[in-house]
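Shared between the two complexes below is chain A, which pairs with chain B and chain C, respectively.
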Partner chain A sequence: MKAIINYLSDPVFSFTGIIFFFFLGIKHIEVVASKKFATIALILILIIFGWMSLDPVFLSIVIWPDNVPIIFLLALVIWSTWFAIHKGVINDQRMAAGEPPVEGTPENREKVWAWPNLVYTELFAIIAGTVFLIAWSILLKSPLEEPANPTWAPNPAKAPWYFLGLQEMLVYFDPWIAGVTLPVLIVVGLIAIPYIDTNPKGNGYYSFKDRKFAITSFLFGWLLLWIFLIIIGTFLRGPNWTFYGPFEFWDAHKVVAANNINLSEIFWIKFLNMPLPKNIFAREFLGLILVAIYYTFVPVFITRKFGQKFLITMGKARYYFLIFLVLTMMSLPLKMYLRWFINLKYIVFMPEFELNI
Partner chain B sequence: MADNESFVEKVSKTQVWKSIFRHGPPNNARNRAAVVAGNVFLHLHPIKLKKSGVQLGYTWCMGGLTFFIFLALTVTGILLMFYYRPTAEYAYNDIIALREHVPLGIMRELHRWGAHAMVITVWIHMFRVFMTGSYKPPREFNWGVGVILLVLTMLLSFTGYLLPWDQLAIWAITVGSNMAKATPFLGNGGPGAAFAKIGDFALVSDKNDVRFQLLGGRFVGEAALLRFYILHCVFIPVVVAVLIAVHFWRVRKDGGISAPL
Partner chain C sequence: MALEVEKKSSINRREFFSYLSIGFIALSASVGGVLSLIFRYLYPNVVFEPAMDFNAGRPEAYDTGVDERWKKIYGVWIFKSDGKFVAMSNICTHLGCVPTWLSAERKFKCPCHGSGFYPNGINFEGPAPRPLERYKVFLDATGNAIVDKTRVFRYEKGEWSNPDSYISV
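Let's look at the complex of A and B:
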């Protein structure tokens, strides 16, 4: 059983599985939003988590003090996703029946005094927060390791957990993409959201139907490309950033066949049976063209197929910027699958310029 | 008459009370307005607001909790500064001393777990704001301010990670700051940097690229410790405090907590 779980939690399967369940959930959003679903899911999660915690290896990773916040994060992420969907679907149903969303009922539009309605809630939150932090601090000592030693690197050397999504991306992309370009684009993309999303509906209340595309793509990035990668980076990556199942002992000598090859090698050596050309651009032409196609013809194709309507309502600048962001976001899962299925290392490999894609 | 007055009402007639609060206890409409309008902290709030906006089920109080944790971190951080010296010689030992010599010391724990918690609450706050569509007009700008706050929150946490000066600290920061080396054009190992040359002289070397500027050296050493200390204790918190002020101001100016139009 544990061997099976170890095996299945390899990102090839776990990531694919979670993508499948994500879209299944989006398709049957009413089911996901129901209290019954939540109760069953909660019980299952508790049982599975409880059972997994019986394993000393798993437990030792989970209760490592700096990993405990991730458990809180996970609990909050799962709860908040469900709760927002739950409220959204209720509002969807109300509006389908011609009623206003819950937030817009005459009763809820009424004005109330900040004192005591708001101030007391805040006071309560402050007290609860204080108690929580103090309890946490008494129960768990803050870790302190050996004094800093610049000549001896621990293995694995991990960034703080909130950056582990980025560190996990380093498996698939070079640092200039995973560590610099993608983070910058994430920030730029987030700031751009209100300027790209011109849909006037769904402002100031929970909803799903009114903002299907916006919510689905945000949840995809947030849950699958950010939170899930953090989980993998924290719990399933051991020495040398090698994959370890949740019950697998972090044995630093685990050997993993490193047989990743570049697109240029696949094309010239494997496919054409030739040596690699000396000229860099000749050598890498296929990869360069593919990347160019990805950002030119693919948008054109998408627009032909389903984008025309949005192109007109959103305007050119917004539309193409959105396509650019979505394509860039999707390049991550794309590269992940290319790695898993054809052991692809780089699409473009130009170490001469430090430009590897 | 006087016998029916409650204790609070009696106290509220004393000169001391009047000098501090200037109005009676907030048990009628007039005083409820006065207490919120007249108190520098409470006047962040509107006097009256839509019922939907005060419901815990709507905001989850995540922005408020983020702010609370920020304040708690400021207080515990200042207390830690009394004990901590940011030099390679003292830093680690000062952290040990905090653990061993300070009675009932949980300041370090409060500060560390609080920092983790703030990253979590700020993420969930953003998630809530997205799910209620509260970034839509007229709140586009405040969403942008929020994103900057999100980045700064993570940078605050990141710069603080180095300060204990243990193995975890320097290697986590080494991993993180190595990314800066790969910045296109500006990092010594990034794409394009190799082109920036005058004759044989490389303009972007490991002695002047962004990573060097960040660390004040070519590796995570004492200069980096001092830089991170100042960024962590002074620079970023000040910027965050200013931006939080802007953020709150804009929440009010954009019409208070969002509600259906």
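Let's look at the complex of A and C:
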């Protein structure tokens, strides 16, 4: 059983599986949002987690002081996502029946004073937060390490937990892409949300149906491409950044064949059986063309197939910026699968200009 | 009378400007002093940085393969094979972590994102885009190998054939 779980938790399977369940959940959102589903899921999660914690290896990872808060945070992420969707689906059902959303009912439209209603709540939150922090800092000692040394790195060398998704991304990309371009685009994209998403529905009340595309694409990026990568980076990456199943002992000598090659090498050497051309652009032309196609023809194609409606309601500039952001976001899972299945290192490989995609 | 008193207590134009310049000089001196203190504070009192070049001893004394003896102090691996003695940087070409030499697996493996390098520094797995860089090595008059870290040789630029990048042994 444990061997099977170790095997299945390999990102190839677990990432595919979680994508599948994500879209299954979106499709049957009413089921996911029901209290019954949540109760059963909670019980199952607790049972499975309890059973897994019986294993000494898994337990040692979980109760490591660095990782304990991450477990709390994961629980919070799941809870708040579910809660928002739960409220949204209730409103969807009400509106389908012709009633106003819960937030629009007369008793909820009543206004209250900031003092004392809000300030009391805030005061309580401050006190509870402080108590929690004090208790936490007493119970779990902060894991300090030895002084930094430029000629030595801990193994595995892990970023702070909130950057572990980024560190996981870096496994598949050049530092300029995963360390600079993508984070900047993430921030720019988040800032741009109010300018891109001018849909007035959903203002002031929870809903899912009214903003299906927006919510789905956000949750995809957030839960699958960020939270899930943090989980992998935190719990399942051991020495040498090798993948270890949740019950697998972190043996520094575990060897995984991870040889990988560039697209230019696959094309010229494997496929055409000739040496790499001397000229950089001749060498990388296939990758450059593919990247160009990805950002030109794919948007056109998507627009033809699904996008007409959005194109009209959003206007050209907004629409194409959105497509650009979505395509960039999708390049991460794409690159992950290319790495797993055809051992692809870089699509465009030009270390001469520090440009590797 | 009143006029005289007023004249005594006030300062004339010339005095005003000399006071002003004294005040200004004092102010700039103190601000400059504080700034220089802050500036000085930004630099550590003791620098543990190793020298940029060092004497690695006689190349004949090394076994073939990867040698780790200078890694802790200077961040340099010596690699000897095929009649060449080279000094390799221990900085991963991906994002600058320090790889570990796994002698059993005969490869360097980076703890940050899992890049792997062959003993000669060529990258073969993980995200590292380029091989490990090499430093300048040369023999001094007494036949000792000197490693000069100020000059690097990059494989993808074809610099590894540069005679400065290795010592023939």
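The criterion applied here is as follows: the second predicted complex is superposed on the first by the 357 of 357 C-alpha atoms of A that agree within 3 Å, B and C clash if a C-alpha of one lies under 4 Å from a C-alpha of the other, contacts with A are read in each partner's own complex, and residues count from 1 in each chain.
In the analysis below, a residue touches a chain if its C-beta (ideal position, glycine included) is under 8 Å from a C-beta of that chain, and two chains touch if they have at least 3 such contacts.
Please read these numbers as outputs of a predicted model, since none were measured by experiment.
Asks: Based on the superposition on chain A, does the combination of chain B and chain C result in a clash or a fit?
Replies: Aligned through their shared chain, the two binders fit side by side on chain A.
Asks: If you stack the two complexes on chain A, which partner ends up touching A:346: first (chain B), second (chain C), both, or neither?
Replies: second
Asks: Touching A:302 in the superposition: chain B (first), chain C (second), both, neither?
Replies: Neither partner.
Asks: Which of the two partners, first being chain B and second being chain C, lies in contact with A:80: first, second, both, or neither?
Replies: first
Asks: Does the superposition put A:240 against chain B (first), chain C (second), both, or neither?
Replies: In the superposed model, A:240 contacts chain C only, not chain B.
Asks: Have a look and say if chain B or chain C is in touch with more residues of chain A.
Replies: Higher number of touched chain A residues: B.
Asks: May I ask you to decide whether A:326 touches chain B, chain C, both, or neither, giving the answer as first, second, both or neither?
Replies: In the superposition, A:326 touches no partner, neither chain B nor chain C.
Asks: Using the touch definition from the top, say if A:276 reaches chain B (first), chain C (second), both or neither.
Replies: After superposing on A, A:276 lies clear of both chain B and chain C.
Asks: Figure out whether A:311 sits in contact with chain B (first) or chain C (second), or with both, or with neither.
Replies: neither
Asks: So, does A:111 touch the first partner chain B, the second partner chain C, both, or neither?
Replies: In the superposition, A:111 touches chain B alone.
Asks: After the superposition on A, what does A:259 contact: first (chain B), second (chain C), both or neither?
Replies: In the superposition, A:259 contacts chain C only.
Asks: Can you report the least C-alpha distance between chain B and chain C in the superposed arrangement, rounded to whole Å?
Replies: The answer is 5 Å, the least C-alpha separation in the overlay.
Asks: Could you tell me which stretches of chain A are touched by chain B in one complex and by chain C in the other?
Replies: On chain A, the residues that contact chain B in one structure and chain C in the other are 150, 152-154, 157, 167, 174-175, 179, 352.
Asks: Can you tell me which positions in chain B touch chain A when the two form their complex?
Replies: Residues 26, 29, 32-33, 35-36, 42, 45-52, 54-58, 60-61, 64-65, 68-69, 72, 88, 92, 95-96, 99, 106, 108-110, 112-114, 116-117, 119-120, 123-124, 126-128, 130-137, 139-140, 143-144, 147-148, 150-151, 154, 157-158, 161, 164-172, 174-176, 178-184, 187, 189-195, 219-221, 258-261 of chain B touch chain A in their complex.
Asks: Under the definition above, what is the set of chain A residues touching chain B in their complex?
Replies: 66, 69, 72-73, 76-77, 80-81, 83-84, 87-88, 100-104, 107-119, 121-122, 125-126, 129-130, 133-134, 136-138, 140-150, 152-154, 157-160, 162-163, 166-167, 174-176, 178-181, 187, 190-191, 193-195, 197, 199-207, 211, 215, 218, 222, 352-355
Asks: Of all residues in chain A, which touch chain C in the complex?
Replies: My answer: residues 150-157, 167, 170-175, 179, 239-242, 252-253, 255, 257-260, 345-346, 349, 351-352, 356.
Asks: Quick one: which bits of chain C touch chain A in the complex? Just the residue numbers, please.
Replies: 71-75, 90, 94-95, 97-100, 102, 104-105, 109-114, 116, 124-127, 129-130, 156-157
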